[in-house]
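Structure record follows, encoded as structure tokens.
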Amino acid sequence: MPVETVAPKIELPKKRDDSVLVQKSSTVKVSVHDLNFFYGRAQALHNISLEIPERIVMAFIGPSGCGKSTFLRTLNRMNDVIPATRVDGKVLIDDHDIYAPGTDVVELRRKVGMVFQKSNPFPKSIFDNVAYGLRINRITNSSSELAGRVEQALKDAALWSEVKDRLKSSALSLSGGQQQRLCIARALAIRPEVLLMDEPASALDPIATSKIEELIFDLKKQYTIVIVTHNMQQAARVSDTTAFFLLGKLIEVNTTEKMFTAPNEKLTEDYITGRFG
Amino acid sequence: MDLHRHLDDELSSLRDRVLLLGGEAEQALDRAMYALSERDSDVARQVLDHDDQVDQLEVEIDRQCIDIIALRQPAARDLRFVISVAKMAPVLERIADHACNIARAALDLNNEPELKSAMDLNQMSEHALGMLRAALDAFTSSDAIAARQVIKSDTEINDLYNHTFHRLIELMVTEPATATRDARLLFVAKHLERIGDYVTDICELTVYMAEAAFIKHTT
Amino acid sequence: MTALTALCTLLAVGALLIILSYIAWQGIGSLNLQFLIDRPRPVGEGGGIGNAILGSLVLLAISSVIGLPLGISVGVYLSEVGTGRFAGAVRFMVDTLTGIPSIVTGVFVYAVLVLPMKHFSAFAGGVALALIMIPIVARTTEEMLKLVPHSLREGALALGAPQWRVTLGVIIPAAAPGIATGAMLAIARISGETAPLLFTAFGSRFFPSSLNEPIASLTVQIYNYAISPYDEWHAQAWAATLVLMVLVLGINISVRFVTRKRF
């Protein structure tokens, strides 16, 4: 007599949507139109057009001198401090052109934070470093609220447990990886919406690097993150979408998965497979 | 320090190895069918003896693929190539195994009197060999279009198999004396039909490698 | 090679030690408390350099109050703005001023302040010293500010700080030890100036009562005593020299101490 058995229902994993951009919110945070950038007479960026959706991690890759850092810095107008630079084109953040005359650059930089390649803590205490942005933007008058914001920022940067007992000691006494996380905390304290990271882990050892990468993974739930990296494996590990730059031009933008398995452009493929640059 | 040249060398060597394995599978099938149709047991034994080397080659390819992935982090086209080769090697080894099974059947059948119905199988095996050769050519030149063509021609082998199946069943019923021999032939036909399916797998891998399109289970 | 440089070092250091010990040996005899607090008296009555010490300190104070803010501001301007033709011109002028002989500065202040006022004054002396101090302080301030890594500037700007805030709140504090060193060394330098004071502060035998009057200073007093014909005054000159040396050394040593690395 055949015994009736009920086979357990097998839960198949959900079909992965090929396009991350469709999966996440499709609100565009940053929209660049025909951006040209000049250092004096030399043109560094040629007709860049790009859209960066909200709350994803976008990586900029490309060989040295391809313009990826220059382009990153146009997004918070940090290139303004370099003399004789000129910008032509539009950069819209939340639909406002940040290069329109009369733009409040200070407010822009509060909204669009930046973390640099070599960590640059101020020669002040850990607390004062994180509080610096809060103080100059006069975000709060109450010292308890200030302390609270500093604590939250250090927690968001995964540094709180390591420094909570020595907030008054010098920031320069921290290790390289800790200093970089301090700089991230300092940027996060003023609650930006976009976080620009210029090769944030390139000066760090592998363990410190992986801490930063984990941090980025957590941060993208709240922030739109753009990271410049010369390390392709890092771009592959960390980002949702990747943009490849070469000689000041944007060659290709694609989901990271596509970029590293089947990019559209031959130039991209040559770069990714190590055949040049 | 030209790293990509090292990678290119490794990829070349991997390609050479997998094509060698393909050649071995082709040769095994060809000789096994020869042993069957020409009733040559020596050739059949050669096929069986040679199988260890084929297995060894598959293991080497496996190892090389893992090394390349671990040490060279291939990307895009190179990655697709290495993954395809890693999946293709076992398929080729199984084709060779089926050829061995055919050789064993040939040994058994050669001990018994000749059977007329062996002729039908030659058509099937010609077709299977042709498919295998075309698939390996398509792989060598990363030709997805050719690969798709080969996949289409699998239906012919299936049709031939069905025809042979019914013929042999009929024979087993009408001439019980030769039933055992007919049964052996039926299994040989089955092996050939399986080989056709494996060649389809190889073509699907070729399409993936060339176009980054997954066509498994859709054709 | 090492032996040769070691020998030269010994010569240089040796020379300094010889100077210091000679002065000490010559001056220590006349050095006592009375000497330090009394004002000069006619030959034979003793007297001291109390007013000169006080006078020097007053002159240093006046010149610092005028010279340091101006010098540091120019340094900040040159470092932060730095480019453009005006800045280039300023830098050139500062460099030139560093090279002007101090006696020329003294004569200039004589013509511009003392003559119209019709009398010597501590104020004029302070101005003359300040004019010497400003280019030195400006240059060291600029250098120290330039040493602050550019990344600190960028870090502060990226947080939304306007340029002036970055300069005041981050750059200058970061360069503060260096700027302070520069200031102290400038002070040590002008505390040894004599020539400009000859035409401006002039000198006095009395304790200072107002800035509008001539004022004594260690350097001028040493000069006056040294060229006098009296042995007693020569001895006092030696002692005063010793005091001046101690003062300058003291400033230098305290600069080192105060600016030791804390952050």
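For this structure, a couple of remarks:
Chains: A, B and C, in written order; residue numbering restarts at 1 for each.
FYI, contacts are C-beta pairs under 8 Å (C-beta built on N, C-alpha and C of every residue); 3 or more make two chains touch, one makes a residue touch a chain.
Predicted, not measured: the structure shown is a model, and the values here were computed from it.
If you draw each protein chain as a dot and join the dots that touch, you get a simple line with two loose ends. Put simply, the chain nearest the middle, going by average C-alpha positions, is A. Chain pair with the most C-beta contact pairs: A-C.
Subunit B and subunit C have Cα centroids separated by 95 Å.
The mean-CA centres of subunit A and subunit C are about 51 angstrom from one another, to the nearest whole unit. As a whole-number value, the distance joining the C-alpha centres of subunit A and subunit B reads 50 Å.
Multi-chain contact residues of subunit C (touching two or more other chains): none found. Chain contact summary for the complex, subunit A toward subunit B: residues 232-233, 236, 260-263, 268-269, 272-275. Those residues of subunit B that touch subunit A in the shared complex are 3-4, 7, 73-80, 212. Those residues of subunit C that touch subunit A in the complex are listed here as 83, 149, 151-162, 165, 169-170, 173-174, 263.
Taken together, the subunit A residues at the contact with subunit C in this complex read 76, 78, 81, 83, 106-110, 113-114, 116, 118, 120-124, 132-133, 136-137, 170, 172, 183, 186-187, 190.
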